[in-house]
Amino acid sequence: MSEPAGTGSTAVGALPAPRTSFVGHARHVIGENPVTGIAFALFLLIVACAVLGPFIAPYDPLASDTSATLKSPSAAHWFGTDQLGRDILSRVMVATRLDLAIAIFSVVLVFMLGGLSGIAAGFFGGWTDRVVSRIADTIMAFPLFVLAMGIVAALGNTVQNIVLATAIVNFPLYARVARAEANVRREAGFVQAARLSGNGEYRILLTQILPNIMPIMTVQMSLTMGYAILNAAGLSFIGLGVRPPTPEWGIMVAEGAAFIVSGEWWIAFFPGAALMIAVFCFNLLGDGLRDIVDPQRRT
Amino acid sequence: MSRKHLPSRRIPLKSAAHIKRRDFLKSATAMAAVGALATPAVWSPAKAQSRKETLLLVTEDGPNNLDIHGVGTNRSGYEATWNCYDRLISHAKKTLPDGTLSYDRDKFTPELAEEWNLGDMSVTFKLRKDAKFQDGTPVTAKDVQWSFERAISVGGFPTVQMKAGSLVKKEQFVAVDDHTFRVDFVGKDRLTMPDLAVIVPGVYNSGLIQKHATEKDPWGLEYTKSNTCGSGAYKVTSWKPGVETIYERNESWVGGPKPELKRIIWRTIPSAGNRRALMERGDADVSFDLPAKDFAELKQEGKVHVASTPIGNGIYYLGMNVKNPPFDNVKLRQAVAYAVPYQKIIDAAMFKLAEPMFGAPSNEPSSLVWPQRHGYNTDLAKAKALMAEAGFANGLETTISFDLGQGVVSEPIAILIQESLGQIGIKTTINKIPGANWRSEMAKKTMPMMVNFFSGWLDYPEYFFFWCYHGQNAIFNTMSYVDADMTAMIDGARAAAGSGDWPTYEKDVKGFIKKAFDEVPRIPLFQPYLNVALQKNVTGYTYWFHRQLDYRSLVKA
Amino acid sequence: MLRNIARRMATVIPTLVGVVIVTFLLTRVLPGDPAVYFAGPAATPQSIAEIRKSLGLDRPLPEQFLRYVSDLAHGNLGSSLSTGQPVVSEIASRLPASAELTLCGLVVAILIAVPLGVLAAVKQGSLIDHACRIVATAGVSLPVFFTGLLLVYAFYFLLGWSPAPLGRLDVFYSAPSNVTGFYLIDSLLVGDLEVFRAALAQLILPAATLAIFSLAPIARMTRASMLAVLGSDFVRTARASGLAPSTVIITYAFRNAMLPVITTLGMVFSFLLGANVLVEKVFAWPGIGSFAVEALIASDFAPVQGFVLTMAIMYVLLNLAIDILYGVIDPRVRMEG
């Protein structure tokens, strides 16, 4: 589906073909599939929370209050308090920003690294293709989570390194998909036309190929956003996550998990629910985007 | 794509495979069903009996080496050595005010030595004549001599520990005859006798181990790593590192009264929540490295028995590097000492399972007991004033580090301190350092601030100060504190104790404690408790200075 | 066929070389000095230097690499510093534990996800379709360690239905004699049904955790593949011939739809082998995942290198096996090969 939407036939004398705008098409898909609609709405809610979180949180997420530790949800603390007396609702809200940032930066980075290498490999072939494919294969041969652990352990557990590790681990997937897409379009009509117009190869790559693979990549990117957050949570469980006392869903779940057995379920439950809703939302969003962009590939 | 002929082609192939698959599935399900029905209840009479004589111990880490003389042996390894090897002497027991049994620092009992004669510059031990190693060979003074030589030769922690009791040269160890052994002193040191009762100078089966020694490994460390070659009450019959260690009772042990438990199974369970669940449901008998919160709650619930004993000679502290700026400034350190939220830490991080070490009337020591309270308390106004005096009215930025392995306790402490310091203008980032790196960082001595714990096996103030404040700048002197006066007082106290000069001893001890409080290179936060959770039918738990479990006194009703 | 395999192996070699180099570099970049760690408490600079020398860490990096490669060529993966055992024997004893767990998890996942996918495909667009999608996605939206802990809490602690999370076997059973290392198989081989039952009971929760995590990709692939097949000509012919719907779906459509699913299974299996590490930590499972994690945290190079290399080789062999299997099932693929 590489033709930009909106091209109708223009036979002389015929009525212009109905133009389906992108928004119209999107609305149609969402209407047909309520789950996707819910996912979009949730996504907007998450973004809103990330932007407004620190301003509307009732308490300072870092302020400890040892007189009110481990309190179950109540009117004063809707989500209860943790082992240092910090309000969990505030921490969950403020953590949205960090988690969304981790998710977004991870996908942007992996898109730049993997997507660009992939289309170069698919478009130019030859040595570029060989090198990129070898790198992708090498990374894929590693047990991915252990590779992420290794990178964070080696470079230090900062947010930047967690983002970097996620990007590296997802590189092969993006490179492969981009390569396949670029390969298909290598000799397509519009590319030939661009060549004839005198565009250089790199210019074609960036202005013609790249926009055309965006739809497929967007689908993959929304799935990777969910993965990025889960990855950060797994690293936190081993002790390689973000540094305390930074609020982040994954580390809150990892720490709260120790309190489940003693009955303080809320410490892990609320960040866990937030995390689950976010990842869920990203996954369903990916499905919805795929329906909009390329219904043939629905799963 | 034409699939028109596929159905007919496929059927014969598939049905043949299909039949095999179907049959296999059927038989497997049948077997599983039979298995489920035919299995008797877990507690069959034979199993019930063996359960009674077996103890299941669950902790986060198991031994990485069964021999304390080995390279890099962890604390769990110390426990294995303690229970499987004997020493010349041991400590008698006493009962603490809350009813828990503890070792008695001042009273020794015979173990492999049935009596001894403490002279002026030597001590002579008479060994039991009936003591045998677990392979049947008799224990002789030659084995003791070889073992002691091994301890001072292998390097690392064991050698350092021997040195702490002035056991340094192999010439000090003399096998007078088969059953008489003498230790000559190099100087008068009151720590020598207690040092003979710690885990390091165990008695090893020299004949057996030497058979497995090589040129590269003259002391047979490879062999003793996975085989216990002692005369102790237990032997390790199965060791799967990181998974499980199984001990069986040595039926011919003569070092003390026969232990009740025939078998000990020690399982590694990494998740603290699961360990607690196992204790609460009665599926495990003992656990002793749960978080403080779990212990506090288990105590309250009353389903299991929790024994809590203050750790002798041990403090959790906030250390500051006095060699490098900014903490080379004593007024800044004192400011920090006034900013620490002591009570909050004990309440929130330790769930009150700790002895406070703050808030004494002044920094003058009230007794010769260590640890004891210092004169600082949480007073932010005083802290701010001292900051200004130190020249840091505008605040500063630094880091607080701690060992990830101790994170359950250290992290809340670091967070609370971070918050409090923020209020007097010191901005800190928290640095969680994983296990292996922690030792390296400690050795480098560049961390500006750290939360750490230290306790000395020999429960005497001069021993603690020898490791932590003495000019020898040992690795435990994490603050890099080197001061001539302090060193002189510590050395003086040791010498005075050795020669029995108690007035000088008192003067020096009080002197070095006061100096430590005034200059406060490390701020004592609290004295932690050693907590052990035991099922109600497990009795006989005894607190030892090494903070590991001694199986020999445990009884399961 | 054999030429095919040989060609595949040739492309695999550079990958393995890359893996070896990257692992080596990564472990050397890890902070933390094993020499200090193993010099023990109260180490002096002298003892640290001695240990560093005995570990061979004082040599320049390229020399260390060459020694490592030559060791590899002799099948020597080095020794673990924390357990002291040769890495090869550690991996050999722990790999069956992880493999057994992963395979059980995969089997459970298939048993749930495939019918779910088929159902969703058959009833496309309906409520059931959406419900299946939601269920599958939900499973993969929670961190895997959290799912595990929740299961332990619910089924062991609260309900007491499942046995204590003590590892592969309860303490009062001894492991069956080692033939494959898979307790389920070994215990059946000697006919010890009690041990079989005990091992199975210990497997249920961790396998369920892994299964929940891998439902989504399998269910999705099944659904997509079924949809594609259900819309194809021969199915239409079968329907037109008047065959019962169940026959059409199961006997004709399903088998053909399984091919892409098998490829996904391979990917899921290798993905699970990596995710194992968290599940093994939660359930105290003595597998290579937990072994590698502990070694990584202790800056213990040899086990990490050995683990990664083993996983890489397994991944490669697995993909090869799947390609061959694919070729056996679908002759067209073989032709193109």
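Side notes on the structure shown:
Which chain is which? They are A, B and C, in the order written, and residues in each are numbered from 1.
Throughout what follows, a residue touches a chain if its C-beta (ideal position, glycine included) is under 8 Å from a C-beta of that chain, and two chains touch if they have at least 3 such contacts.
Computed from a predicted structure; not experimentally measured.
Chain C has the C-alpha centroid lying closest to the overall centroid of all protein C-alpha atoms shown. A count of contacting C-beta pairs for B-C and for A-B identifies B-C as the more extensively joined pair. Centroid to centroid, with C-alpha atoms defining each point, chain A and chain C lie 25 Å apart. Here the CA centre of chain B is 36 Å from the CA centre of chain C.
Centroids built from CA atoms put chain B at 45 Å from chain A. Counting partners per residue, chain B has 273-274, 277, 280, 404, 434 as the residues that reach two or more other chains.
For chain C, the set of residues that touch two or more other chains comprises 31, 149, 153, 157, 281, 297. Chain A has residues 153, 239, 257, 260-261 in contact with two or more other chains. By the touch criterion given at the top, residues 62-64, 66, 69, 83-85, 153, 157, 239-240, 243-245, 257-262 of chain A touch chain B in their complex. For chain A in complex with chain C, the touching residues are 33-35, 134-135, 137-138, 140-147, 149-151, 153-156, 226, 230, 233-234, 237-239, 250, 253-254, 257, 260-261, 268, 272, 275-277, 279-280, 283-284, 287, 298-299. By the touch rule above, chain B contacts chain C in their complex via residues 1-4, 6-7, 10, 14, 31-32, 34-36, 38-40, 42, 47, 50-51, 54, 56, 58, 64-65, 71-73, 155-157, 160-161, 222, 225-226, 240-244, 265, 267-271, 273-274, 277-278, 280-281, 283-284, 404, 434-437, 439-440, 443, 467, 474-476.
Listed in rising order, the residues of chain C touching chain A in the complex are 14-16, 18-19, 22-23, 26-27, 29-31, 130, 133-134, 137-138, 140-146, 149-150, 153, 157, 216, 220-221, 223-224, 227, 270-271, 273-275, 277-278, 281, 289, 292-293, 296-297, 304, 307-308, 311-312, 315-316.
By the touch rule above, chain C contacts chain B in their complex via residues 31-34, 36-43, 45, 47-48, 50-51, 81-85, 149, 152-153, 156-157, 160, 164-167, 170-172, 188, 193-194, 196-197, 200, 232-234, 237-238, 252, 255-256, 281-284, 286, 290-291, 294, 297-300.
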